[in-house]
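Contents: one structure, followed by commentary.
The first chain written gets the first letter, and so on, giving A, B, C, D, E and F; residue counts start at 1 in each chain.
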Amino acid sequence: MTVVVTNTPRTPLALVDEFAGLGVATIHEAQGRTGLLHHRLRPIYRPIHVSGTALTCEVAPGDNWSIHVAAEQARPGDVLVVTPTSPCDDGYFGELLATSLRARGVRGLVIDAGVRDVAELTAMGFPVWSKAISAQGTVKETPGNVQTPIVVAGQRVEPGDVIVADGDGVVVVARARAEEVLAASRAREQNEAAKRARLAAGELGLDLYAMRERLAERGLTYREHDGA
Amino acid sequence: MTVVVTNTPRTPLALVDEFAGLGVATIHEAQGRTGLLHHRLRPIYRPIHVSGTALTCEVAPGDNWSIHVAAEQARPGDVLVVTPTSPCDDGYFGELLATSLRARGVRGLVIDAGVRDVAELTAMGFPVWSKAISAQGTVKETPGNVQTPIVVAGQRVEPGDVIVADGDGVVVVARARAEEVLAASRAREQNEAAKRARLAAGELGLDLYAMRERLAERGLTYREHDGA
Amino acid sequence: MTVVVTNTPRTPLALVDEFAGLGVATIHEAQGRTGLLHHRLRPIYRPIHVSGTALTCEVAPGDNWSIHVAAEQARPGDVLVVTPTSPCDDGYFGELLATSLRARGVRGLVIDAGVRDVAELTAMGFPVWSKAISAQGTVKETPGNVQTPIVVAGQRVEPGDVIVADGDGVVVVARARAEEVLAASRAREQNEAAKRARLAAGELGLDLYAMRERLAERGLTYREHDGA
Amino acid sequence: MTVVVTNTPRTPLALVDEFAGLGVATIHEAQGRTGLLHHRLRPIYRPIHVSGTALTCEVAPGDNWSIHVAAEQARPGDVLVVTPTSPCDDGYFGELLATSLRARGVRGLVIDAGVRDVAELTAMGFPVWSKAISAQGTVKETPGNVQTPIVVAGQRVEPGDVIVADGDGVVVVARARAEEVLAASRAREQNEAAKRARLAAGELGLDLYAMRERLAERGLTYREHDGA
Amino acid sequence: MTVVVTNTPRTPLALVDEFAGLGVATIHEAQGRTGLLHHRLRPIYRPIHVSGTALTCEVAPGDNWSIHVAAEQARPGDVLVVTPTSPCDDGYFGELLATSLRARGVRGLVIDAGVRDVAELTAMGFPVWSKAISAQGTVKETPGNVQTPIVVAGQRVEPGDVIVADGDGVVVVARARAEEVLAASRAREQNEAAKRARLAAGELGLDLYAMRERLAERGLTYREHDGA
Amino acid sequence: MTVVVTNTPRTPLALVDEFAGLGVATIHEAQGRTGLLHHRLRPIYRPIHVSGTALTCEVAPGDNWSIHVAAEQARPGDVLVVTPTSPCDDGYFGELLATSLRARGVRGLVIDAGVRDVAELTAMGFPVWSKAISAQGTVKETPGNVQTPIVVAGQRVEPGDVIVADGDGVVVVARARAEEVLAASRAREQNEAAKRARLAAGELGLDLYAMRERLAERGLTYREHDGA
């Protein structure tokens, strides 16, 4: 019943690496406000940024066995994405696993559960987004699926999808849409650069975005303070 | 029904700036332990400190339209204070709005909801206290009141009140009481400096505050350990 | 009914100081995964580490009186451990108390409630693990027990037990077991150092820990991706 | 510094009693979606409904002294509204206080903290909305203000305002607006009765509210399932 | 960008109705412990049970417009399943919508957000599982997708899947697996009936499940109490 | 390392049964406000009451194996008390286990985790206090200690202690103190009956408890409303 799917296709790394300079908020917007994982996933240090291909892994509560199984499936450029089969805050992941994964080319970890050894992970510069920090260890009794589609922190992630994460959170981009979303993200970024300059010069968003008429239609009225 | 009140009175900036060296805990104590916003509002970086006049703004859930409206009402020295009409963790505010507000002289943001672009906001040194960090964007469909009295994180804030925020949280000082609270805060600070020196020298709070008799009245007893 | 127990025995400081180089996760594992306080206790800054002997203190909700009582019982090498008699997030502890405790040789604070003056505590390098940060002050009306056994964040702590805390959380080691746990922690650390080197060289945990056979017994199967 | 304000004006009871048949959601809508207390306040039993005039009371954390003070200020038709000066889940209120308040004509309790004796309160039919249920008792050391304006669960409540609460939550109607809001609530109720009949007969909201054109403008499109 | 998919296939109602006598825990087990929605979704009354076909609907935060759109797509036997595009506790759904949906044959509601009019919904016997109860109303400004695959409370739900919900929570059964899961659920139920009789007669699970040997292998030991 | 302690002493059942008519709040007060479990433990139905002797059990996260082990140790009059070694909301316990435990004379369950089959447990009248309700099942891979001292929901419980639970929560009374606490609880109850009659007759707590002088000392002042 528990399965490891091998040789799953991945978004080409050359394409994934183009996401390196882009923020999660920008990408999320560029793909129509989809794909954002729940903000309970927080980075363990800042500043922080990663982009890579999803290496997916399910774990039983309090059991990190399948992370070891996943390590063998890793390819350079992967980001490990872990979801528990029921909610759990234990420390599934620490320095030893990070050392192993880094040796296999894994770039970071996204986990809807807890991690530990955060001092060592920070010193290593191994980027992690987690729901909790807890020294509570886990057992190795029940393996879970590796490299199957999973739901993590409210989003469906398929093996090989693009994962981008930064100080704002984590977003998934479907493999099939990666090129299109990259282009849209860049367009958005250029558009924002132009707006930023005008706003920095003191122009109001009300004018820049031509909002005044629509606000009036929605019943917004201005009233001088009565001086009391 | 939705209103923007213009030209609301503000605490004089010269007076507001006197709060710059004072901590939130000190001010909160000095005004009789009132005015503290709920501690779910956390700073996005540390160390951090701001003092300014409240520019108030209500927002609908998932809708940041009125922040753009508020920007036009800003005066140098303001701190934007935003409350949602129902609880929401979306990222209402990011780098572009911060750029716009800074250009208008706004000193920081206090929001009982989420923000995004925290890496950029940190790099800018734009101080923010928020309930959440989330890349989730917002729409512009429903404007809210600007510069009316609001309840934010459990406290009533009126436009022009003094807002002071630091690593411990956010406190509001009513405009009418600003002078009195400033004086009381300073007195408290001087008092603490004297106590600090004595405590640092090893004097006990029990003696410094003459607590022993009252503790005995309350039934506190001392018992030698039985050695087991 | 409220009692201060004096001259409670403590784990010898020479022994306690041997824990200085050890992580909370390691110690927690080494003593059979017991003694870990709930991970809602978080450090106020990072990196951070402390080891010391427990100076225990109960406080009423919103009342920090017994912390002053505890200060008199402090001995060099103690870590103050505070639990409220009912859940409370108020700021029980700030710079003045830290100054006083440091003058008495106390090394840090573990509290299942709130603290304030975090900027000052950080500047002092006074390590604190707390459930909340809040400027909300407390009163001095109801004393609580000092140096009695307490339950704090889900663990029983006796006066004089060893407390070790770092970026991962807080663990208590019973006085009677300190020597044994220290030895087991060191053995574990050496064992991990050997594994770390092999994992860093690319060896898989599956092989290092000889997991393959047992995984197969548990029904783990491998399936080539179907290419769709 | 702590004050009891006597003889505060109240909304006339005849007017208050007109709210008896109205739901909280209806009233909240009728007054422009304002005045709703945070939904963390839940009823201790169902079905449940109360309307009355606010008798306001601040309490220190873990201290219910001022509820006794408030009892003396009660008038028939009041609903006691209690807010702690910092968050607390203790059981501030039980059967004895309910017995006392009922003898003074108080109709129910709204409290942003905990209560106890819920079996007895349910048997008495004394309606309570609270944030928690906890047997944890409170002390009587620090009185709080009675019959002053307070912020409770995110809303400002003035003594004598109308409080209506039911299975959906708690709403406050300002004394000055009571008549107007009552009329608007009734109008809304009649309007809903007409709609209910049409919807029960199978008419769609899309038609009843003429939404189709506006949905199309917003880009809503229909697509036949592809049969896969 | 926003789409309504029409004429989506559904699990045959005759098959769905076979689930009527089965509990959520049984079905969840029978399909290999998959498909359970997060337990933050709670029923508004008890006892409660529903089975039906998923009618899926995305809503913007604080905006219930697409529920009206979904009503038109309803077929008898559907259960409406609603997920917000970002977390929100507002009361999206009340008596009028329930009246409309019931008239269209909809059997109940599963929503990862808030509902209101719970007294009326209870009186109607309209079963609802929600994350919150809140009188806070919603607007109609931003439509969302209807009858597309969604992620709700951590699970992927496709239109036409089987939804079963009871006092324990909510489970989704994929359309393609409905027959197989039904058979497995029944087998499980019969198996449990046999076990129940033996356990009721006092037989121990240790013997019934032949656990003693395996427990000993895992190191479980028995020790007589020392009598202290 | 994992142990089952057999033949642990228990509070005599005749004594335990004397607690049957007493409320948790009363007992908690009578033993000096100690022994109350955290109020996150809620009953699955109301009204509800149980008293019995603690049968203690530790469970791994997501693993209920030791509950089966505990069943063998049960004696008539026991209440099963379960604590997870790390926080977990899974459904550890359902109808089959309740059937088994009832056959062994167990009176109820207190668990700092989740349960399932609440409809069946309610129909059986098997009283349960839990942190969560969840259909998520558990595995049987890691046994935990049975009949050893545990910390559950913040309190230390020893095998054979008295457990009393009702609609307000759960309290533990140490075996050695059971007689004394029973006497104090009854005294308290009689005292309250006398007070209840006076309060029901309209006497104020201010007078009954002679609070007026002490309130004045604490600075409470009365001020007539200014009529504005």
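In the analysis below, a residue touches a chain if its C-beta (ideal position, glycine included) is under 8 Å from a C-beta of that chain, and two chains touch if they have at least 3 such contacts.
Only a predicted model underlies this, so the values are computations on that prediction, with no experimental measurement involved.
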Note: chains that touch subunit B and subunit E both are A, D
Cα centre of subunit A to Cα centre of subunit C, whole Å, reads 30
Taking each chain's centre as the mean of its CA atoms, subunit C sits from subunit D at a distance in Å of 42
Subunit C to subunit F, mean C-alpha position gap in Å, rounds to 28
Each of the following residues of subunit E touches two or more other chains, namely 1, 33, 36, 85-87, 89, 134, 136, 141-142
Among line, ring, star, complete and other, the chain touch graph is other
Every chain pair meeting the touch definition is listed as A-B, A-C, A-E, A-F, B-C, B-D, B-E, C-D, C-F, D-E, D-F, E-F
Subunit B contacts subunit E in the complex at 60-63, 85-90, 134, 136, 139, 141-142
In their shared complex, subunit B is touched by residues of subunit C numbered 1-9, 65, 68-69, 71-72, 89, 91, 94-97, 99-100, 102-104, 114, 116-120, 122, 132-137, 140, 142-143, 147
Contacts from subunit C onto subunit A in the complex sit at residues 23-25, 28-29, 33, 36, 39, 42, 46-47, 49, 166-169, 171, 192, 195-196, 199-206, 209, 211, 215, 218-225, 227
Residue positions on subunit D within touch of subunit B in the complex are 1, 32-33, 38, 85, 87, 151, 154-156
